[in-house]
Amino acid sequence: MDAIFQLATANLVSPPVLFFILGFGGALVGSQLTLPEAMAKTLSIYLMLAIGFKGGVALAAEGVTLALILALLAGTVLSSLIPVVAFIILKLFSNLPRVDAAAVAAHYGSISIVTFVAATQALEGIGLKPEGYMVAVAAIMETPAIIVALLLARGVRADVKRKSGDAQEGLLKEVLLNSSIVVLMGAFVIGAISGQPGMDAVSGFIVVPFTGILCLFLLDMGAVAGRGMTQGASVLNLRLIVFALIMPFIGACMATPLAWLAGLDAGSAALLLTLAASASYIAVPAALRIALPEARPSVYLTLSLGVTFPMNLTLGIPTYAAMATWAVGG
Amino acid sequence: MKTFKKKQLTIICELPLASRVVKTLTEAGVTGYTQFDAASGRGSEGEWNRDGLVGTSGRMVMIVTILSLDEADGILAQIYELIEPQMAIATIANVEVLRDDIF
Amino acid sequence: MKTFKKKQLTIICELPLASRVVKTLTEAGVTGYTQFDAASGRGSEGEWNRDGLVGTSGRMVMIVTILSLDEADGILAQIYELIEPQMAIATIANVEVLRDDIF
Amino acid sequence: MKTFKKKQLTIICELPLASRVVKTLTEAGVTGYTQFDAASGRGSEGEWNRDGLVGTSGRMVMIVTILSLDEADGILAQIYELIEPQMAIATIANVEVLRDDIF
Amino acid sequence: MDAIFQLATANLVSPPVLFFILGFGGALVGSQLTLPEAMAKTLSIYLMLAIGFKGGVALAAEGVTLALILALLAGTVLSSLIPVVAFIILKLFSNLPRVDAAAVAAHYGSISIVTFVAATQALEGIGLKPEGYMVAVAAIMETPAIIVALLLARGVRADVKRKSGDAQEGLLKEVLLNSSIVVLMGAFVIGAISGQPGMDAVSGFIVVPFTGILCLFLLDMGAVAGRGMTQGASVLNLRLIVFALIMPFIGACMATPLAWLAGLDAGSAALLLTLAASASYIAVPAALRIALPEARPSVYLTLSLGVTFPMNLTLGIPTYAAMATWAVGG
Amino acid sequence: MDAIFQLATANLVSPPVLFFILGFGGALVGSQLTLPEAMAKTLSIYLMLAIGFKGGVALAAEGVTLALILALLAGTVLSSLIPVVAFIILKLFSNLPRVDAAAVAAHYGSISIVTFVAATQALEGIGLKPEGYMVAVAAIMETPAIIVALLLARGVRADVKRKSGDAQEGLLKEVLLNSSIVVLMGAFVIGAISGQPGMDAVSGFIVVPFTGILCLFLLDMGAVAGRGMTQGASVLNLRLIVFALIMPFIGACMATPLAWLAGLDAGSAALLLTLAASASYIAVPAALRIALPEARPSVYLTLSLGVTFPMNLTLGIPTYAAMATWAVGG
């Protein structure tokens, strides 16, 4: 408990989290600290590129291990099961219509790549460097949740056969070829090919300014999250807020035994828990606009972006790190 | 100068929907279209603002296409079916152009 | 298809004024609006260009709103009062829409 | 409110041509204009998309100018001559404004 | 005199100033070297973030001193008095209408944050490192001048009572919550909280590329200033140009005794003089659009951006450094 | 031959080229990895600024030599002659109309500044550091080809006298004052003025992240090139593709004796060959839109951007390096 507390404090006074809080607070008092969209998009590409490349270089050093295969498997299982659990909880304890519940479930089953980046950085800061292949685990966890959640929603949508064939195609494109994932995995492969000499050539861009650029990006993300919470406040009720605060920990608990079974080290285990706990707010919303147009963005975005993301960034990550250390040993 | 009467169809929709709108227009045989980024706005789902966004959702674009009078009605019906369940609006206006043949 | 007549009000004004224009429109009860960034232009105060600017002044935006025929006149008067002393222009045009109820 | 009839001339052309369009408009004596960046589109030369581009070619802009009824015809002819060999389209529409004198 | 001359030469051949001149010259011969707006805005946020953070880290090391309080006081006094002096000079020696004179006065009383950043960099280059808290002084000097200038303009505007309540509210929001100032002060506080460990984490972004990024930004600012001067040339007359060249030195002279009284070191004193001498061209114009729509932007912008800013950047800063060193001792 | 092969392999697995391939491949499978235009434009300005500045600093160390003058001369000759050769080849072996042939010739006579930047980086990587003044050679080679090609096209355009006076003026402005060239040469002069102390001040921005930023930019350029090839595929025929693959080597062969005559070192010679081999796809298209509106962009852009540029980046540069080493000695 004490360890969690120390980790949490260290995390809270780290510059990236403080800049996130600045952006979030700015939005609440009416100062718009967002970056121009062109820049926000570029920074997210930069972060994917950097984290993917670093992961690839690490993989080149580590080699492909059984743990990598097991971790990919664990990620797939989590991304498929978490939506089911989230959906059941929402149907039991909230009054969300089925389609909204399924949409929310998709978000919590999938992952937030920004949370992943921030967690990687925070874990390295406390000496829990995750394995390089966790990048691939993050990538693989994005999609299954969407498919499962669509099946969950399907019950209400038997009427939309014709459209859905078309929609599915667009959906797959939207999800599998979305630039974040392609850059992340592409940079991962490039890092694996070019190895340490490649890293030496680009570390002045990929490593040196990384934490600082993350600060700038989280300032923007904080502003967007704060805006999202302000604008979506009307759709929130106590039950939904409680869901958004508790569900991450349920996801992390589901991930814990899998991390242990897969034989992950503490850093990688902490990342797997974080991925399970995180909720998408970039890739999944775009996919659902096409696949589930009836679901209300104000519900799923406010929960994942306005409540869960800030909670994970501040309190969640240190807790998951502590849980992972406890489960697999420091 | 002699001008010719045409219809201008303007669609404001969320970015993830735009490629479908364009596909529908293209399959319906329009001679061209132009798409613009909107910066902010308000509609049935409340306010939105492009600033700070990373993905495609949450921001609107405007698609403009000049149509001949004949084709306008048919295209309108198809567009209506596509955008009806989505965040989107469509308007039609009269315009004149200088060359009859290219629209 | 059956369409309905509406008015499109278009305001081009400097960015610092935009939030007031939007506030006026919202308080007057419009169902929505969309704002666009302009890139450059010329008006009574000479040329301007968005490139290179850091602050909100010195660049124009365009605000478009679709109005029902009834409300158009009243809103016009309020907008006129607001933008008259400022760098801004406003135009009104006839458009048609597919759904009567949402404007 | 009392309004006055004007013409809105809208030109969509490739960016390298824009400064010439503006020069033509200015020399013809328009009181102002506003230029917008388009994001993507399709025309006689196929599809284009602004994303990723570094230079001025390959992307379109929209230039809008409000004209008095008298001057519209003459300006139209000049613009037509300029844009005819290029990737560009032009449309004219009726609009109303609140102040007669500034257009 | 010799020292000034040496400082001025060193300043003139420093890359940031040379890039400013390149941008300015480009605009004069017709080559548009501006950056896209999204980038210009982001770079300005970066500079605020970096300079604020550095100031905060320095404050954490120095602690809150009496000099900090006195410097804030001096800044407030200068920002309130300079507009009055500028207004009187303009009423006496130029033929500007009252409302334009007040608008110009607001600009010269407030500060140019870009000039502040460039001066900080230049002073560090010649070994006159200012104290960290000067960031807070810069922030506090932005607003008082606007309020004083509005009072000066008020005489002619008794008729606009109703509007002005509304306008004032927008004005305060525009000024106090404008993103530059919030990022500057937010990063200052974050720097103070996270201290040297925070700096170690982000210096690869905040320190390493700083001067180079400043070069890129000043290239843009030079292009904008040159464009402003070209476009506004018609409103300028000899008296106004002389005002724009002399007023900065009057401001610096007013600041000199206050710097001495507050017991500032030479670097901080040089910055206080620079702040007094600088004229706003980002925050104040936006505020005046709302608060004084009758004032002509072509007048106040051409003077502050087209004449005073280039002069300060090239000749002003070294002169103020020399004045400060002379006044408070090197 | 073995050396070429080794160089080519090393080049192909270098991160910049791999990121280019990622962007290109993404476009082919339908994932749009472009950066926002504002960012692409800024990165290109950054690259010009950095490469120009580095060249200027190097020039300050080397001093103005006879080789510099001779290299400028060689560049001018190449940029004037290559279009003629390209035009004749196209008239003989393709069925392009005269005006399209002239337009294509202009592109191959002029240069691709991105190829120049990538080559400089690659050459430094294999220990063939070019002289600083090659930046000026690149700048001077941009324009002559356009003028020559317009003369070649002129035959068909005797009717357009009146327009062409006006067009020429716009053309010259478009070409000589286009921001790439002005920033490149401006930074070159600034680098020469501020020398090593200037470099020390800005190297954290200009040198440290350079290769990494080049990766990001080439990711974008790959995406744009891939898109260009996909969209333009319909205008291509085998003869045109063969032209786009062979013409670069003809240009490089024409440059080889001149590099030897000018007494260039191996690195500079390799760059001269690369410049001769490269085809413009940014500056010349913009100029021709005004000067030769009848020429079809889909033809010249698809060849230069979709075929020649990728070939140069992957196979061309190492080949030219090997040719240069062979011709002037390592």
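Odds and ends about this structure:
When the chains are written out, they are named A, B, C, D, E and F in that same order, and each has its own residue count from 1.
In this section, a contact is a pair of C-beta atoms (placed from the backbone, for glycine too) under 8 Å apart; a residue touches a chain by one contact, two chains touch by 3 or more.
Worth saying up front: this structure is predicted, and the values here are computed from it rather than measured.
Here the chain-to-chain distance from chain B to chain D, counted in touching steps, is 1.
In this assembly, the chain whose C-alpha centre lies farthest from chain B is E. Chain centres here are Cα means. That of chain C falls 45 Å from that of chain F. Put simply, the C-alpha centre of chain A and that of chain B have 34 angstrom between them.
Separating the centre of chain A from that of chain E, both taken as means of CA atoms, is a distance of 41 Å.
Chain A has residues 32, 35-39, 41, 178, 208-209 in contact with two or more other chains. Shown for chain C are the residues in touch with two or more other chains, namely 36-37, 93-94.
Counting only pairs that meet the touch rule, the chains in contact are A-B, A-E, A-F, B-C, B-D, C-D, C-E, D-F, E-F. Chain contact summary for the complex, chain E toward chain C: residues 32, 34-37, 40-41, 44, 170, 174, 178, 220-221, 223-224, 227, 231-232, 282-283, 285-286, 289-290, 293-294, 296-298, 301.
Within the complex, the chain E residues that touch chain F are 13-15, 18-19, 22, 26, 29-33, 35-39, 125, 207-213, 215-216, 219. Here chain C touches chain E in the complex through residues 14, 16-17, 19-20, 45-47, 49-59, 85-86, going by the rule given at the top. If you check the complex, the residues on chain D that touch chain B are 10, 12, 36-44, 60, 62, 73, 76-77, 80, 89-94.
Residues 36-39, 41-42, 45-46, 49, 53, 173, 177-179, 182-183, 186-187, 190, 193-194, 198, 201-206, 208-209 of chain A are the ones that touch chain F when the two sit in their complex.
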